[in-house]
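Two complexes come next, and they have one chain in common, chain A, joined by chain B in the first and chain C in the second.
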Partner chain A sequence: MALMMAYLVRHYIFTLTVLRKPQKHERAVTVGKTPYQPTVSILIPARDEEKVIRRILQRMTELTYPKDKLQIIVIDDASTDSTGKIAEQYSKMYGYIKVIHRNEKEGGRGKASALNTGLRYTNGEIILCFDTDYYPQVNIVEKLVVGFADQKVGGVQGRVVVLNEPQNLVTRLVALERMGGYRVDQHARHVLGLVPQLGGTAVAIRRSLLDSLGGWDPSILAEDTDLTFSIYLAGYKILYIKDAESYEEAVESWKAYRKQRRRWAKGHMQCAFKHSLKVLKSNNLSLKEKIDGLLILNVYFMPILTILSWIIGPLLFLLKPMQPLNALLASLLVSIYSFAGNFAPFFEVGIGAYLDGRTRICWLIPLLIFTCLYNIVICTEAFTDLLISKISRKNHLHWDKTVHSGNGNSYIMS
Partner chain B sequence: MRMIPSLTPTTFIMLILGVSTFIFIMFLPALLELKKHKDAGPRLIMNDAPVMQTKIRETILMVNVEEEHGFDQILAKKMADVMAVLPNIEA
Partner chain C sequence: MKENEWMIDHLLFGFSIGAIASYMLLSSSFVSNESVYMLIIFNFLFVSLTFPLDGTLTRKIFMLLIGNIIGLFWNYLFSLFAYTVAYYLGESFNTLYIILSPFVNLIWIVSFWSISLTALASSENRKVRLRLDN
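Let's turn to the complex of A and B:
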């Protein structure tokens, strides 16, 4: 109950923060007066992405960042379709695009492994990563790298907006989740000086720091969360730039949603086991950063606690006699929590939509209750997998790749 | 003393009706929006959309044609460069 209260209070603080502190929005992008233009390498890992690879590569050629300071590396991760061929076509036309082909033996070991391969060929001071289903603003590089003028900044995250939102109910609900997550949650963490997270894409990282950390950890399924905490523990900060926007193609079916979220949940739980103690002991993190960091790391355990409380609560109620006054107090607390607590994440999403000027989509917010329930199942499944993997000491944790249909193309090219 | 209230048939029916009405009212706006979309769609993140749309469509078509006919990429690029400096006869 106390843990749930901590999360709900956090949701309210975040939501009220973005409502009340718009003046701090541009904190990171106004570092210095002269433009800071370091050399930049962009990594694009791609495995069987023929339906979307053209879109991102074409966009890369349209970036406004000086091309003599830009290097784009596509890591063709043992694709069996024409991904590598398409990338090669672009490489022939544009000298700053390079393609690395991984064979069957090297490839298919997950995104972190592919990124590490790509990293070896980079020469930029700043490393950017984009997934193939992304479609950023033309000036996103400028927006992401300017924060690195501050030597204490180790990473910068941009905002993600769902491109194929009108496609179906799943994409609409994912879009709502993204609004809450990026427009409110990440932004509030940035404004409050807490722990903005690096996502796996639309992200920039200081090269020297990445090298000192040994690149991405291929044994962790949430390589982005792992890197986030490695950066903080190394004494660096992460910025979130809400105006550095990029489209993404959201998953289109409940099955794909489940696969993606299960991978995120497992990876996040791995990170919780790896970093929680280090976060507590760290001298590089303030108390509020430690609290926020621990809440982030352990967020995917909350649905499991919810299930446990659903089982244990009624059992205790039925088995253990309760005095009328205690029962009244208990039901009062549960009612308050049910009203205010469960409402908190929905409130956050609603405010995110409101700040984007998307009031009509708020009508769909009650449907998020289904994704909440679905996430309870997904997280429990992920936790069970992780436990089995730990107990049997066998690696059941393989990278479940999200398949991109390229349906988002129609929203760009219509 | 247990706090399980005794349910008469009437209170049971009232409870079911109350819960059903609450759920219906809660989801009604969502059902209306799903049935007839009035939302503006994805947030526009770019201010150069029209130019970009044309360019990307042309490039993808060109790449597809090249794939089908096995055109030389470098030659195609050179041709495109030459065509770019030719006067616009439509102007």
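Let's turn to the complex of A and C:
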């Protein structure tokens, strides 16, 4: 109950924060005027991505960042389709694109493992990562790297926007979640000096720091969250640049949604076990960063607590009836908290959509109840899997790859 | 600071109206306690999250009052339903009613709030279009 209240208040503060005039929130990061242009290596891990790889590689050739300071590395992770061949074609045409092929023995071990392979071939001061289903702005590199002029900055995260939003109900609901997550949540955390989170894509990391951390941890399914906390624990900060947009091809079916979220949930829970205590003990994090960090780390346990409260609450009520007001408020808080997907309450999602000028989509907010209920199932399943693998000491965790259809292409061409 | 003055004015006015409406509901003997608590929560969320947005104060107050009316009507219908079901199923349904009540209420709260956002934004968009046309 107290935990749910803490999350609710936190999201309420985030929403109120972004409702204040936006210009007050912008940090003095002016793109284009700075002479700071470090060398940049972009890593693109790809496994059976023939339907989308051409789109991202074409976009890479259109980037406005000076090409003599740019290196693009495609990690063909033992693809069985023509992903590698397509990447090779681009490599032949553009000297700054390099392809690394992993064989069947090396490949298929997850994104972190592929990124570590790619990292060995990079020479940039800043490392950027993009998933193959993403389509970034042409000037995204300039926008992301400018933050690194501050030596305390270890990572920079850009904004993710759903590309194939009009496709169906699932993509529309995912788009709503992203609006709440990036337009409000990440932005507020950046403004309030809390812990903006690195996502797995549209992300930039300081190379020297990454080397000192030993690259990505291949045993963790949420390598982005793991890196976020490793960076903070090492005494560096993360910036969120909301104007650095990258467009993603969202999952198109409930089945794919479940697979993807289950992986995220497991990875997040792994990070919670790995970092929670370290965050509490660390001298490199302020008190508010510690509180926010712990809330982020443990967020995927909340749907499980929600279902437990729904079971235990009525039982307690029947055994020892509470005052009606207490029962009502307890139940209300649970409901408000868990009404929307991606662990953002409905008001956070709505304000995100409003600030984006996407008001028609607000009509779908009540439908987020389905993702909320679905996430309860997904997180419980993920927790059970994780528990089994911990008890049996066997690694049951494997990388469930999200399949991309390439349907997002039509939204770019039109 | 001046930029935010209207926002503070709107919020103060909204909270005053919300407080008056809540007081009237609390004093009324026709409205159940559950409904009143829900409407107080609705008023608080609606004012704090909608009144800082662009849009005229009149429109916002109008929507707040409409929200209260819809809330009352919704709760009236729901309690009628609950009484009917309790008549057949017995007193044990009252427990379920108390537990379900906030969840059922959130359905109209979230839906109404979402529509209000759209209404506020569309009025602002119309204003921008008119400015551009002239």
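Definition applied: the second predicted complex is superposed on the first by the 381 of 414 C-alpha atoms of A that agree within 3 Å, B and C clash if a C-alpha of one lies under 4 Å from a C-alpha of the other, contacts with A are read in each partner's own complex, and residues count from 1 in each chain.
Following the convention adopted for this analysis, a residue touches a chain if its C-beta (ideal position, glycine included) is under 8 Å from a C-beta of that chain, and two chains touch if they have at least 3 such contacts.
Small disclaimer: the values here were computed from a predicted structure and weren't measured.
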item: Which of chain B and chain C A:L16 touches, first, second, both or neither; value: second
item: First (chain B), second (chain C), both or neither touched by A:G350; value: second
item: Which of chain B and chain C A:W363 touches, first, second, both or neither; value: both
item: Which superposed partner A:L169 touches (first chain B, second chain C, both, neither); value: first
item: First, second, both or neither for A:I86, with chain B first and chain C second; value: first
item: Doubly contacted residues of chain A, that is, touched by chain B and again by chain C; value: 317, 321, 324, 327, 331, 360, 363-366
item: Interfacial residue positions of chain A with respect to chain B in the complex; value: 54-55, 58-59, 62, 86, 89, 92-93, 137-138, 161-166, 169, 175, 245-247, 317, 321-324, 327, 331, 356, 358, 360-361, 363-367, 411-414
item: Of all residues in chain A, those that touch chain C in their complex; value: 15-16, 19-21, 313-314, 317-318, 321, 324-325, 327-329, 331-332, 335-336, 339, 346-347, 350-351, 353-354, 357, 359-360, 362-366
item: Sites on chain B touched by chain A in the complex; value: 1-3, 26-27, 29-30, 32-34, 37-43, 45-46, 48, 52-53, 55-57, 59-60, 63, 66, 73-74, 77
item: For the chain C and chain A complex, residues of the former touching the latter; value: 3-4, 33-34, 37-38, 41, 45, 48-49, 52-53, 95-96, 98-99, 101-103, 105-107, 110-111, 113-115, 117-118, 120-122
